[in-house]
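One structure, as structure tokens, below. Some questions next.
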Amino acid sequence: MSGLHEECGVFGIFAVEKTDVTGPMFYGLHALQHRGQEGCGMVVADDGVFHDYKDLGLLNEVFVPSVMAKLGQGNMGVGHVRYGTSVTNNRANCQPIVVRHSKGSLAMAYNGNVVNTEELREELEAKGAIFHTTSDTEVMSCIVAMERLHSASIEEAVCKAMYRIKGAYSTVLMSPTKLIALRDENGIRPLCYGQTPTGEYVVASETCALDAVGAKFIRDIEPGEIVVFSKDGIKSIREHCGKRPPSLCVFEYIYFARPDSVVDGCSVHEARVRAGAFLALKDNVEADVVIGVPDSGIDAAIGYARQSGIPYAIGLIKNKYIGRTFIAPEQKTRQDKVKLKLNAVSHVVSGKRVVLVDDSIVRGTTSAVIVKLLRDAGATEVHMRVSAPPFIGCCYYGTDIDNEECLIANRCSMEEMAQVVGVDSLGFLDLTDVGKLANTDKECQYCMGCFTKEYPAEIPADRNKIKYENKYEKKISEKESN
Amino acid sequence: MSGLHEECGVFGIFAVEKTDVTGPMFYGLHALQHRGQEGCGMVVADDGVFHDYKDLGLLNEVFVPSVMAKLGQGNMGVGHVRYGTSVTNNRANCQPIVVRHSKGSLAMAYNGNVVNTEELREELEAKGAIFHTTSDTEVMSCIVAMERLHSASIEEAVCKAMYRIKGAYSTVLMSPTKLIALRDENGIRPLCYGQTPTGEYVVASETCALDAVGAKFIRDIEPGEIVVFSKDGIKSIREHCGKRPPSLCVFEYIYFARPDSVVDGCSVHEARVRAGAFLALKDNVEADVVIGVPDSGIDAAIGYARQSGIPYAIGLIKNKYIGRTFIAPEQKTRQDKVKLKLNAVSHVVSGKRVVLVDDSIVRGTTSAVIVKLLRDAGATEVHMRVSAPPFIGCCYYGTDIDNEECLIANRCSMEEMAQVVGVDSLGFLDLTDVGKLANTDKECQYCMGCFTKEYPAEIPADRNKIKYENKYEKKISEKESN
Amino acid sequence: MSGLHEECGVFGIFAVEKTDVTGPMFYGLHALQHRGQEGCGMVVADDGVFHDYKDLGLLNEVFVPSVMAKLGQGNMGVGHVRYGTSVTNNRANCQPIVVRHSKGSLAMAYNGNVVNTEELREELEAKGAIFHTTSDTEVMSCIVAMERLHSASIEEAVCKAMYRIKGAYSTVLMSPTKLIALRDENGIRPLCYGQTPTGEYVVASETCALDAVGAKFIRDIEPGEIVVFSKDGIKSIREHCGKRPPSLCVFEYIYFARPDSVVDGCSVHEARVRAGAFLALKDNVEADVVIGVPDSGIDAAIGYARQSGIPYAIGLIKNKYIGRTFIAPEQKTRQDKVKLKLNAVSHVVSGKRVVLVDDSIVRGTTSAVIVKLLRDAGATEVHMRVSAPPFIGCCYYGTDIDNEECLIANRCSMEEMAQVVGVDSLGFLDLTDVGKLANTDKECQYCMGCFTKEYPAEIPADRNKIKYENKYEKKISEKESN
Amino acid sequence: MSGLHEECGVFGIFAVEKTDVTGPMFYGLHALQHRGQEGCGMVVADDGVFHDYKDLGLLNEVFVPSVMAKLGQGNMGVGHVRYGTSVTNNRANCQPIVVRHSKGSLAMAYNGNVVNTEELREELEAKGAIFHTTSDTEVMSCIVAMERLHSASIEEAVCKAMYRIKGAYSTVLMSPTKLIALRDENGIRPLCYGQTPTGEYVVASETCALDAVGAKFIRDIEPGEIVVFSKDGIKSIREHCGKRPPSLCVFEYIYFARPDSVVDGCSVHEARVRAGAFLALKDNVEADVVIGVPDSGIDAAIGYARQSGIPYAIGLIKNKYIGRTFIAPEQKTRQDKVKLKLNAVSHVVSGKRVVLVDDSIVRGTTSAVIVKLLRDAGATEVHMRVSAPPFIGCCYYGTDIDNEECLIANRCSMEEMAQVVGVDSLGFLDLTDVGKLANTDKECQYCMGCFTKEYPAEIPADRNKIKYENKYEKKISEKESN
């Protein structure tokens, strides 16, 4: 219930012969819909000719039967689901992007955020390039196309381009004959591949998308790795591997990824249960019942309950008929939207001391409404436990934690936060426990920038990406002097 | 995950002065959306003038801001959410129905099923009545209008009409000055009322709708009771009370109602937890983990886990982006639709002996797919427990269990069922335990017709309601002789 | 360019065997689209079972291929196109209406206006009838259904009903086995029938609809006549014929009907050309060019030019991309809407003395804008000639001339009108010439109520039908006393 | 009724201060809707920041009030209406195109066809350029952006670009501070400008768009001329003027332009009337009535009637409710679509010898249906006269006469054509008269390539543009060798 958003999910498929690649892409992207609900797109390659479609909306709103039929069959495809900020939320910025360059066509989709887009764009414009969108993908495509002029192959061009592109980018791209998957040197966003029973290779942001098409997981793409799928088989290019410490975004475990996915070797569900257990281990609150905020606080609540011995129960019911396009009648406050979504089960919490587990507190307003729901339903005490450390820093690598001033932990002490949220006690996951989420024997290296303000990769020169896009429009107009 | 459908939810509101009754109706009906997703409607009374709107679709698809604005303010309202079979699924059959009769207007919405519609219609037609729809509501309205000719008040007309209308009908209706709520003599479908902090009375199928508008629950309407809300206050007419044994549909506890509702004095969540406990009490299976089929098997799974001591876990993840209008690409079988919705959490079930709890088995096909998902994810044993007895009879009172031949329990022995579903063992709730779901000290009386084929109220002369509606079209054409 | 609106067009088809009746109904109604653009509907009878669909919108917006496919084939059908005032413009008031009564189903559609609806409705309500709509058609259906109880056949019931229904009603109706067409005793609205090359009988408001389905015109239905199409052939019931003088609405010739139709024996195009000639005959204006306001002033302009010897030309071009749903950006005045539609051909009018022919002046505002367009394009003189007498009275028989105060001729003298419109001279058709429009040898009898305030049939007790509908809502609520 | 299609209309506006430029653009483009009904777009410049919107559909379908509001106010704008072939008919190919380059943003829209797109694209790709679409506009934008790198101003870049771009291109483009209008050296497509009463400059394909926004016509842009509108006033660059003979497409007079427009100094209506007169001058057919095929044959029919002395009449009525999206039910042939659109006025043609005037015959099928309509309505003789010479060549400059084999004049002799169309006699405009259409004293120079196969400008290397686009997709994929 964090209100945070991942900015993308990607899917790619490679078949030796023409077959139904569109159906599996639909199912795979559908399993990744939690990574982006604002827009989606697919490109199908049929013997080198690309057919594409993309629009704002959920997968089943955009890819209606008539559109699916138009895309038809093919031997490769790349697809994308997208979360977009309101500023950039238009069709033109949807992915995948398809461009034609000197050596043929190129389709590209990625998950993450390129931090040096502005610099790259200026450099390209100085050579006469024109741009249609403000998207990173268009700039990345142009860099690849430029490198392709002096490269022997598309993968060589991609490998050269990676020296110039900074930030987080788990990418799938497609030339007329090859499907290529790559991960930035830090491996900030997940990416893996597998194989279907009928032999197609599939690349996806999460394993749940492999499951959705019946594919067997083969392995994660490594940080810095380029994997090329072609008629000649699979080839791995490791020129960028090992150059930087692996730094998967730890919030993939805490919130973004689906619990049934396995990311970089660790079950997301298990990581969340373990987060709950860590919270309970350092806790000595006396309570009657442990409940989770649906859906993302449920796993950690079970972990807390198991470790503490306090019974787990369902204390909050979520109304499942609130979709992306739900408009509450009249100008109701944010508070009311939460009430529209959640209701307390009074027989579970009435007269009880409740441990309430959620995955994060951003502004504190949502949590305050939930706590009030529980108290109104008769809870005598509410002890809130958060399965992550407090947010203090922006994310520059593809999520929308973008404004440090809004973060409650930057404005309040722990006591003040408890008061704002209205709880009897408040606890967060220790930073030292974050590294143990995936595996208890050895500590893993993660990107924890939003908890520490220490970033494993470059950050943008202009730190505020969203404002930048608006200013950019203005700025380029000012350059025109005569 | 039963695939069964309730056929309706109703909501009514009465305010002394003109105010925003449309907003609360929206929120109330939204909380009842699980009782019907095919269509919805609202009628607002503004000083005796009725404004209405109804259409196929979810509440937020139909009641977009422009429609809400048109309905405007008023001092009363009745609303409805509807599940309709494909045959009857058109706008004309949506509720509430609004008619004009000799003494003014009448708006009516109900939940249930009238079993003697055909007889009543023929009687009315013989007096020259014309009908626009095949809906029970139109016939009920006509009966009330006829009785109104010789009655001193609308409530007197309603009371007389109840002698003639047979079956299940929890109804809200509205004259230009009064809101009336009533329940059939058996009280087969739930109905209750409460009051908002600002004084409006609200009537609803379930208490979760009262919560949604911040109303305090006052009491359930009793079987056979008529409650009249007017400027003179609340009046109860009990002429039909006590004539028949109370017979709430027990499936309201097991599946239909929302877990956060309290129906006829018992928490739905508690009843489900108790069902799980009853299953565990008579069981001696050895297992490593208990999981529930989301969403309706979760509560019983927790009950089973608590009673048995086997750990509860989340073994199945539901994709929440499959709405009412979701169309899977290409002709995929029913089996695939389930896979699109559910995925197993392999780290939870792999190498484990799993107890799988669900609320019902209708045809067995859905359960078989779920069990296969678990086995493919590595479950070594699957023991299925169902929190209801096996279905053997049709329901004539407002749900769509309408074809005895399709019910697996009518075709297979317990062993055969286990084989069809593919489980190592299979268990159902005992009939003798059903009566104890709501309360452990005394047994309650319920309608359990679908488990016993013994029905507390009349059943239709022609038992197959759906087929009847088709035949009716044909039949009336044959009557025309010259 | 009068801005007046006819309120309906009807179409019926009868085939002995099941065939494609839906296609011809579509084409026939499409040819009648000028008689109503707000809504449309069709009912198809297939062996006595009725399938219907109706909605707001143009024919090709409502009857999309999927809807056409659902309606399917049959042996009879009735259809309707509708113009509705904003007050009554909702789906429920669309036609045809389909009802079920004691002897089967009944589908009905009509063109005109019943003037004693209120009295009939009250009488029926007093017997317990309920009404869903405020439409005349529902009341007419109920009267027919009541009469059917004591009649040997549907046509006998219709014949009895005609004694009770007052006003203008050219009607097609359908029982499970018969198609019936009838015209009120005055024959105010047109109705005719013909036969297709494949033998189907078709009934339509105008002959252009017969042409559209390749049907040969047989004859007009006479005022008061009932024509029954059944497997036994065609039967005419003339019990109501000759009771009143025939009184076709003369505005059918002047504006409503399509120029390619022949109404009650006279070509509409010819009648309009003749109107232009009559205008020229009494005129002695010196001018250089005659132009018509498209589309309805063109025919009369040609007639004027021929008679006067002044050359005819095209001086105004109409933008054909302004449809029913066109919304001009921003709050532009009515004046601008006209400019959006029309532009002057400056080379035709510049430096010229122009005779401008239109079919009517209602408020005068539209005409003023057109005259200004011509003057801005360089016309030195503008002489306006109107192919009808000035409007002074309401129409109670199915058009929307409903407010005497708005009519410019009730507020201004001829000189003042010329000043308001901005013309150098202004002329109208003489009342004495109106009777000669259809035929030069003998004068015909017409309804000319809007020019004379003398009405051939009853007029409503409450003269303002539209206001009545609003008041009605209120009134029925007041009747409710307890 | 030719079934031919122009491929575009353009509109531009320049205001010194921020104002409502979106409203006038809407009205101006709406007046140009006849030049393209498949898609439309607008870009508004507000202090150098561009806001754009484009989509498939008519202007009032795409620019609904909410979209208009989003575009808001500004100080400049360019807009476009588009006809697209089915192959290229997608949103991405709509205009205007907006790109960002080294010196700011650029918005561009044009009418015509660039014949060396393929060569230009290959040249640009070889420098690393990427392309998103197959549109000429993107290539033109890229050429301008490249030239801009080494130019002192945007107009200098445009002037250099014109040396490289071959074919027909009447263009409006916009930098952050300037609006620029230009016409290719032949001036094949029209373009003019004027000024509104409030001082804004407007550029448009036809003068009817100036009329629509109340602007006074100033002058036509000359072939080869570049006109720059900026805060410093208007500047004309004539470097490309006079390099080639002016060669306006003569079909603009005959069919494409609106009759109320004045193109390159000649009234379109007058030119058409004159075409009719030329036809009559060389004719000696005896007939009773002259009729035109609506809408484009009407003006020439009047000219024929005036010259010949045979009376003009309205013999064909067009159903005005057939829009762009009209779908006739069931698989009806092309022939039926014509009948759905047109009906004969039998009283006008019955028993008469008819002269039928139309603007062109392409395949002959449409004309054959019209002639049959007239004969079925009783015409005793039909003499068809066409206000243009026979088509024998493709058009490479922006219309869809694209397949020489389909043209009836390439397959049949004059006698055979008359037989195919079913007329008693058939006449075309003489080639020698075409040059006199605009002006009787001196012959004008036109592009008459479709009548002579002699083209005033370059034609494409690969003559079949449409096939090229498909092949292109394939070809670029083949280039990818490794």
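For the reader, a short list of remarks on this structure follows.
The first chain written gets the first letter, and so on, giving A, B, C and D; residue counts start at 1 in each chain.
As a convention for this text, contacts are C-beta pairs under 8 Å (C-beta built on N, C-alpha and C of every residue); 3 or more make two chains touch, one makes a residue touch a chain.
This is a predicted model, so every value here is computed, not measured.
Steps from subunit B to subunit D, taking the shortest chain of touch contacts, total 2.
Annotation: 38 Å between the Cα-based centres of subunit A and subunit B.
Remark: subunit B and subunit C have CA centroids separated by 48 Å (rounded to whole angstrom).
Taking the mean of the C-alpha atoms as each chain's centre, subunit A and subunit C sit 61 Å apart. Within subunit A, not a single residue touches two or more of the remaining chains. Taken together, the touching pairs link the chains into one ring where each has two partners.
Within the complex formed with subunit A, the subunit D residues making contact are 47-50, 91, 97-106, 125-132, 141-142, 145-146, 148-149, 152-154, 175-177, 473-474, 476-482.
Put simply, subunit A touches subunit B in their complex at residues 20, 22-23, 26-27, 30-31, 33-34, 37, 58-60, 63-65, 68, 208, 211-212, 258-260, 262, 267, 269-270, 295, 298-299, 302, 306, 311-314, 317, 319-323, 325-327, 329-330, 339-340, 343-348.
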